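You will see chain A twice below: alongside chain B first, and alongside chain C after that.
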Partner chain A sequence: MSGDILVTVGLALLNVAVALLLAPLYEGIMRKLRAALHSRIGPPITQPFLDLAKLLGKQDLRAVPGKLYAAAPALTLGSVLTLALLVPMGTRPPLGGAGDIIVLLYVAAISAVLLMLTAFAASGPYGAVGGSREMMILLSVEPVLAVTLVVGALKSGRLATLGILDWQVENGPTMSMAIAGIAFFLALQAQAGKLPFDVAEADQEIMGGPLIEQSGPRLALFRWALWSKQLVFAILLVELFLPWPRFGVFPADLVLTLLKALVVLVLVAVVDVVNPRLRIDQTMGYFTRVAFSSLAALAFAVIGM
Partner chain B sequence: MSTLGLLGLGVSLWLAGALASLLAGHRRAASGWLSVAFLVCGGLLLAAVVVRTFTAGPSPEAVLLRVGAIDADLVVRVDYLSALFLAITSFIAVLTALFSVEYMSRYRHDSVAKYFPLLLVLFVSIAGVVTTADFLSFLVCWELMTVASFFLVIFERESREGMRAGLKYFVVNQAATLGMLAGGLVLWSRVDSFHFLALRDAFGALLGGQPALAHLVIFLFFLAFATKAGVLPMGSWLPDAYPAAPSGATAAFGGTMTKLGIYGLLRVFLEIVPLSPATRAWGLVVALAGVGSLFVGTLTALKQDDVKRLMSFHVIGQVGYMFLGIGMGLFLLARSPMLGLLGLLAGVFHMLNHSLYKSCLFLGAGAVYYRAGSRSLSEVGGLGRYMPVTALCAGTAALAIAGVPPLNGFASKWMIYATAVKAGEQVPWLVLLAIVAIFISLVTLASFIKYLAGAFMGSRTTEEPVREVPAAMLVPQVALALTCVVFGLVPLMPLRYVHAAVTGLLPEAGLPDLAAALGDGPGLQMAVGMPDVAVWAPLPVAAALVVLGLFSYYVIQRAGGATVRDVPAWTCGEEEESTAAHYPASSFYVPFKHAFRGIYPQVRVTPPPLPVWLRRVFDVDRWLHSPTVRMVGRGASGVSRTHVGIPQVYLLWIVLGAVAVVAILLGLIG
Partner chain C sequence: MLRRLCERAFPKALWVYHANCGACNGCDIEVINVLTPYYDAERFGIRLVGSPRHADVLLVCGPVTRQVAPALRRLYDAVPAPKLVFAIGSCAVGGGCWFDSYNVLGGVDKVLPVDYYVPGCPPRPEAILYSVAVALGLAPKKVAAEAMRQETLEELALARPRQSEAGP
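Presenting the complex of A and B:
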């Protein structure tokens, strides 16, 4: 029993470390790639780490008094790290016994909620516009994620992430899960706040939106949370929808998962480079279509394909 | 003392409180504190009833009164379901009354004699509704409840909208109750008794012999309860009536009265209608009505600017979740007792949670109105800095209703989704309902973020300083918010009682026990066919959130030892007044709202083309009230004209009067 707990704690530390330390590295690789596609040299791969280190040492400017506002960035990052504990990375998720896909979906929303509340707290009009857009993106993306995850639950008969993963490994690719995976990938683009869906931040337009008041360590934590979240979602995508081949050896599975997640994020970066920003209504229309198309996956799942 | 004796004493104390607060009605504070005192004493007795019921089992029935003429008994009893509702009612009753004591000082020109006594009568009638075991006394208490709440809705007599809303409320609910009465009479005519068990026999016979009539009767019952609960389209009275009442009363409506629709639904479908294909069919109707209601209600709520109207639409939306859970339960009971039970538990648990956070939200809205003097989200703002406790409680309740883990709203929503998805293997369309419900829970989140942002965040639009509300208004909010957190962290604790209440109604259905359905805690582990189908353990997740949040703050955010500096919000160097650059709550989510416009059709009812003379006959004001008032007024001004203030004239009057008296006397003698 105590050995079991020890393993869980070890896994938890590993998941947190992956989400925390690998995320800036992956972001660095994505930046480099983006620069290459722009025919630029681009910053070194370690640039996100350097950015974070620099920001952490700067002044902590607070536009709103109060402890909750002061702690909002830390809580945001904390919620993303909690999300990382619910996602399998090469083996069972450390908090898998405490939360299934629905919990995962809602825990993922916590960071967005905190970001929006922070934006609205600081009375600036740009922040409020950005927060309002952030909510609308959440409203359009989350149903897509819900449909795709529910498809997995329907196929495997269990809502636990590990249950879906095991079922996938055992039964191989199916039509419904493939469609669901594609829909999930499309939603990932918006979850990561990348073009063409970065309407909430929209630097050239509303100057970072919800992040406009954030600087120094606060900005560092929000950025870090965003990068961790895109990595965690990429890992969730490959674990639930592309878990093959599975060796059953933990380190090998972990390394393979991380490599697949890198490929996914590279694709995200490519989509980001070749697209212009959509307007918020176009974004919502796009995801409405994606959501209704992903219902096809549900239909296939019902007829057992 | 027997359980029923305690119940009687408790309810009598509440009635006595109504009388006492009425007698003290001319003294604002005394009237309020008296009602609180009586509510607390009576509430403690009712709490004893609840505890005794859950430890020692349901009380035996007792006949309160025999009505010989129609051969009916007024029967009182307390079973697990009654106990559950008694617990909610006494808890919310005490807190809303306590809140009202200070809050009513806002209404300077209205006497509290038309508030506190009615509030107490409302609670008495609710206690009556949930503890009777016969249809006749159920109906009497139900009517009493409608009347008491009607007078609370029209508390502000001079407000035209309030009166309209009250009238709409009264007419719609009376119509629905008349339907229920007709249904009850149909059953009564078969068995000559109003007792629930006798009605059950009547239903059994009716379903076998005349299924069409049986379904009509069920429909009438469903209509009455759906109307009271606020399910659309029958519930369209709700967003008009709720905001019209004072906030304390609105919280009582949202926390207790609306829930009696759910109570009636459970009584009728689990106790009075025997388990049959009809249960299944009506389960479908209930679930679909619920989904329709949560979809339309919540999306309409998003557009509201008035705080209380926004929350009232959310009552409709949240009742939709309860109907969805209960409807799924009824639908699935025959197919799989486990899934059926889970659906019912989810629906009833959601009702319990909704009582807590919706009362807290209405009280918070009241606190905002109390201090800021406005209920418009675009007008108030920045109150969080001045009213931190209210803001914190409102924030907790808002996140709870939006289903943010690990609060209580999430636990019950999780049960609804998980049941629907698991049942979806057999009944695929249930999955679609679950996805609609997930989407709508995000809309709820959007609308409550708008509430928090509009009321408590950003900058004040006026310079006027405000203070936190007095302690008597804070205590109820804090108590409710804390209960939300506790129920969220240990959901199995309240679920134990919910389970007892639901299974107590269906002793013969062989429903699985709680440990088989949801594990033995402290988290929830759903097991349907195989173990660990779905899991939600709030404690580890909450612990992880706290630990990782602290880690992020102390180890990362403060790592560089950055100095802290307070700065004003940055508007890109423009020197603007904060009001000029204000982004009002009505501007939130405009494209999204635009996509769902027209979802809540506004129907203008035009009066029927009656002949003019008939309209005149009904217009009592025109031919009776106004002429009487005019005549009295004219008479009074005539009398006042004689009082000119000149002594000689008065002397003249005295002389004239004396002459007249003498003349009359002479006339009489002669």
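Presenting the complex of A and C:
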């Protein structure tokens, strides 16, 4: 029994390490790729680490007093790391006993809600616009995520992420899961805050939106949380919708999962470069349509395709 | 420890904020030129940010008109330390063609401590990049530091013995 706990703790540490340390590296690779597509040299792929190191050591200028406001960046990063514990990475999720896909959806929403609250608390015009856009994106993307995960649950007859994963490995690709996977990928683009859905941050338009008032270490933690979130969601995508081939050997599965997540994020970066930004109403309309199309996946799942 | 880490990473990850303080727009266009893919400032880790709270470097253009001076001071306070200030263009360096005008303060250093001066009207994008490279220690300076002072009487006597001997 105690050996079991040790393994779980080890897995938990591993998942957190992947989310914390690999996320900036993947972001660096994405930036390099973006530069290559612009025919530039671009920053070194360790640039996000340098950015984080610099931001962490800078002065912390705070616009608002209050403990919750002060703790918001750390809470955001913490919620993303909790999310990482609920996601299988090559093997069972370390916190899998504590929650299924419904808990996962709630935990995934916490970081966006915290970001939104911080933006409203700092009370600048750009921050408020960014915060409300963040909220609208959350409202329109969440149904898509929910429907796609429910498709998996319906197919496998289980709510746990590991259950869906095992079912996928056993039964191979199906029509409904493929459609759900595509819808999940589109939602990932918005979750990662990449073009054409970076309406909440929109650097050229509302100057970073919800993050505009955050300086130094606070900005570093928020950025770090956002990068980790995009990596964790990419891993969730490949684990639930593309888990093949599965060797059943833990390190090999982990490496394969991380490689597949890299491919997914590279795709995200390419979509980011070749697209202009949508307006917020267009984004919402788009995701409404995606949500309805993913209902098709649900229908296929019901008739067993 | 974080402070030390920050010092090491600082020159490799400069985020710039561009402030127009009454410039004619010539300098602004050149600053934006530097950030285009053609010059690719991002390879040095330089990024344009839209909020002074995110910035490490202020690129100030223009002779600082009277109205904008208090705003510029507040802008400087909004930037978290450590920070650098670049004065871009002849106007920002010392007033330029508005030298001694009634409505300008004539130079950024009347308001803020300036770290680097980039003269030119407007400075070429290459000049701006060069100044940043000098600041980051990537390129050597083209002028050596030189200090001037008044010689003392003894030094004068040593340097020109004959004249002092021939004295009145």
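The rule is short, and it goes like this: the second predicted complex is superposed on the first by the 305 of 305 C-alpha atoms of A that agree within 3 Å, B and C clash if a C-alpha of one lies under 4 Å from a C-alpha of the other, contacts with A are read in each partner's own complex, and residues count from 1 in each chain.
FYI, contacts are C-beta pairs under 8 Å (C-beta built on N, C-alpha and C of every residue); 3 or more make two chains touch, one makes a residue touch a chain.
Keep in mind it's a predicted model, so treat the numbers as computed, not measured.
In the superposition on chain A, A:Pro43 contacts chain C only, with no contact to chain B.
A count of residues in chain A touched by chain B and by chain C gives the higher number to B.
When the two structures are aligned on the shared chain, A:Ala98 is found in touch with chain B, with no touch to chain C. Of the two partner chains placed around the shared chain by superposition, chain C is the only one that A:Ala35 touches, whereas chain B remains out of contact. In the superposed model, A:Gly216 lies in contact with both chain B and chain C.
When the two structures are aligned on the shared chain, A:Asp281 is found in touch with chain B, with no touch to chain C. Of the two partner chains placed around the shared chain by superposition, chain B and chain C are both touched by A:Leu56.
In the superposition on chain A, no contact is made by A:Val268 with either chain B or chain C. Contacts of A:Ala128 after superposition on the shared chain: chain B is touched, whereas chain C is not. Looking at chain A, you'll find residues 53, 56-61, 126, 207, 212-213, 216-217 touch chain B in one structure and chain C in the other.
Residues of chain B touching chain A in their complex: 382, 384-385, 388, 399, 402-405, 410, 414, 417-418, 421-422, 424-425, 428, 431-432, 434-435, 438-439, 442-443, 445-446, 449, 452-453, 457-459, 523, 526, 529-530, 532-537, 539-541, 544-553, 556-572, 578, 581-583, 587-589, 591-592, 594-595. Residues of chain A touching chain B in their complex: 12, 16, 53, 56-63, 65-66, 70-71, 73-75, 77-79, 81-82, 85-86, 95-100, 102-103, 105-107, 109-110, 113, 116-117, 120-129, 131-132, 135-136, 138-139, 142-143, 146-147, 150, 153-154, 157-160, 163, 207, 212-213, 216-218, 220-221, 224, 280-281, 284, 295, 298, 302. On chain A, the positions that touch chain C within their shared complex are 31, 35, 38-44, 47, 50-51, 53-54, 56-61, 126, 203-204, 206-208, 211-217, 219. Across the complex, chain C meets chain A through its residues 2-10, 12-13, 37, 40, 42-45, 49-51, 53-54, 56, 78, 80-82.
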